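Pasting the structures here.
Below are two complexes that have chain A in common, paired first with chain B and then with chain C.
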Partner chain A sequence: MSKESNLDKNWKKDFPIHKQEAAQVSRRDFAKFLTLVSGGLMVGSGLVAAKSYFLPKEGVEGEHFVCKIKDIPVGGTQTFVIEGSKIPYMLIHLEDGTFRAYEQKCTHLSCAVFYKPGTGEIHCPCHEGLFDAKSGDVLAGPPPRALPKLDVVVKGESIYVTAAHEQIS
Partner chain B sequence: MSTFRAGQNQANTKKLNIILSTIIFILILNVTIQIWLLYAALNNALENNREILIPAFLASTVLFFIGLGMLYFLPNGNNNSKEILRKKDIYT
Partner chain C sequence: MSNYTTFNRNEEFFVDMQRCIGCKACEMACAECETNGQDSMIHVNYVERSTTIQTTVQVCMHCEDPVCANVCPADAISKDEFGIVHTANTERCIGCSNCVMACPFGVPKKIEEYDLMMKCTMCYDRTSIGKKPMCATVCPSGALFYGTKEQIKEMRPNSSPVNTFVFGKEVVNTKVNIMMPKGSTELIIY
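== the complex of A and B ==
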């Protein structure tokens, strides 16, 4: 047997020539892969539900001092972090004299948001998200959720924050 | 006695192509809906809304089992074509 005919024989063994059969195998594998992805998404949904029920997010407990009223002018903001937490918050002194406190992390991709004085809007510079300064609701842009907020309690000249009512109930 | 599987394996290749394409289309549809369900569940979980989480998980599970059932109909290939190829000595 010549070398050429031997090579030719082995080559045909290693590579199926019939194109349709090769294509059928790859489409079957793709369908099985899609089923695997579907299973992964199902497990992901389950994990999200399990985490929410068995490992809920710890809310803010008690009242936490932020600053004095005189430290934050009208239209100004004060950033702060609660003890035991790494989440940055932002206290806003609105033009109508009231105070609001929100997480400073944008709900889109966690960029730091800032308050635009005089507009009543909180702006995220990364993707031009806009939140309402009075409620934290999304006004424009890609953020999917409102800014998580804290209740502000004013006692004399001091400003405190506590968990929002939705978290307590 | 001819079974569904035996009949399918003897089917025309065009029919097998259509079956495969339909199964893949349904699976892609399933995965798309499951992605949407996961996105909605995540957003609600982050807002502390728990009402939707378990229904979303159950819906995702149902879709997964539908997709798994589709695999039963996945054709093995046309046995007639394999026979013809063997006769032409392509595999030797």
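== the complex of A and C ==
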């Protein structure tokens, strides 16, 4: 295709000087756009599903030391990361004296959640999500699932975490 | 796409160069407007100042196939359904001056201060709500007239509006009319 005919055929079609043509979206172009976008979404979610099937998440193995009991006051929290992983966790010293460990990522859009001392609630500031600090269950807001948790083991003066055992309901 | 403006399709622009007295009221009126940054988009030119006091006035002729828009590499100039060729879209104009060199009437001007081309839009902000262009409302001698074909015929019985211009082999048809001796159909520049 010569430069001139390419200009006439394609350039003027893509960059029309008439306002009506520039703003006009034909039925065919709209259908193409819809097909591409929905096809892209389908392939994308297929890839996500394939990734989680072939490369499953590795669970926490063994016991991991977090901190000493004296390092974490009542109502206080301690964030930590398990070696070899990048997932942020937080350890909460509840007002009743027990300990809880949760992933610090909101299950809605992965914002960092924090414990509000004295309320028994974990708060996500992004979209006002609320979780129960005792169980990790959703109390309010958009999060779809409870916060993933770890089991806390207290040995003497030290606090360890292990993978959560199956919930007994 | 619908256009909800109240642009009057019956009214046209008529320029009668011989009636221009060079008072520059049109330039002053145009420069009152904030839409064009208080720069005048109409230009009064001296024909041959050493021998004559004749002046001419130049507004955008709003060509049917606007060469300024055709040469624009940034797609900044567009023409709407009323035939108005709009000034450069400020977000797209790259100040390359292709349009300045291409226009056979010398209408687009590159404003170096803004690095933008700016030109007459036939006061689109006024004409789109049914008003007349500012220059045509202030012209004291009738060199610039905005109205219907019937009105100009009654006012200038010995002139004909012409909107075909011949530049060598290039024939340009415009939306704006030039008043020529009665019976003329085209203006041959060379």
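Worth a mention:
Here, the second predicted complex is superposed on the first by the 140 of 169 C-alpha atoms of A that agree within 3 Å, B and C clash if a C-alpha of one lies under 4 Å from a C-alpha of the other, contacts with A are read in each partner's own complex, and residues count from 1 in each chain.
Just so we're on the same page, contacts are C-beta pairs under 8 Å (C-beta built on N, C-alpha and C of every residue); 3 or more make two chains touch, one makes a residue touch a chain.
Remember, it's a predicted structure, so these values are computed and weren't measured experimentally.
Contacts of A:119 after superposition: neither chain B nor chain C is touched. In the superposed model, A:30 makes contact with chain B only, not with chain C. Shared-chain residue A:85: touches no atom of chain B or chain C. In the superposition on chain A, A:15 contacts chain C only, with no contact to chain B. Once the two complexes are laid over each other on the shared chain, residue contacts for A:44 go to chain B alone; chain C is not touched. Ranked by how many residues of chain A each touches, chain B and chain C are led by B. In the superposition on chain A, the residues of chain A contacted by chain B and by chain C overlap at 17-18, 20, 24. Per the touch definition, chain C reaches chain A in the complex via residues 1, 66, 69-70, 72, 75, 77-81, 86.
Residues 9, 12-13, 17-18, 20-21, 24, 27-28, 30-32, 34-35, 37-39, 41-42, 44-46, 48-49, 51-53, 56-57, 107, 144-146, 166-167 of chain A are the ones that touch chain B when the two sit in their complex. Listing the residues of chain A that touch chain C in their complex gives 15, 17-20, 22-24.
Listed in rising order, the residues of chain B touching chain A in the complex are 13, 16, 20, 23-24, 27-28, 30-31, 34-35, 37-38, 41-43, 45-48, 50, 53-54, 56-57, 60-61, 63-64, 67-68, 70-71, 74-75, 77, 81-82, 85, 90-92.
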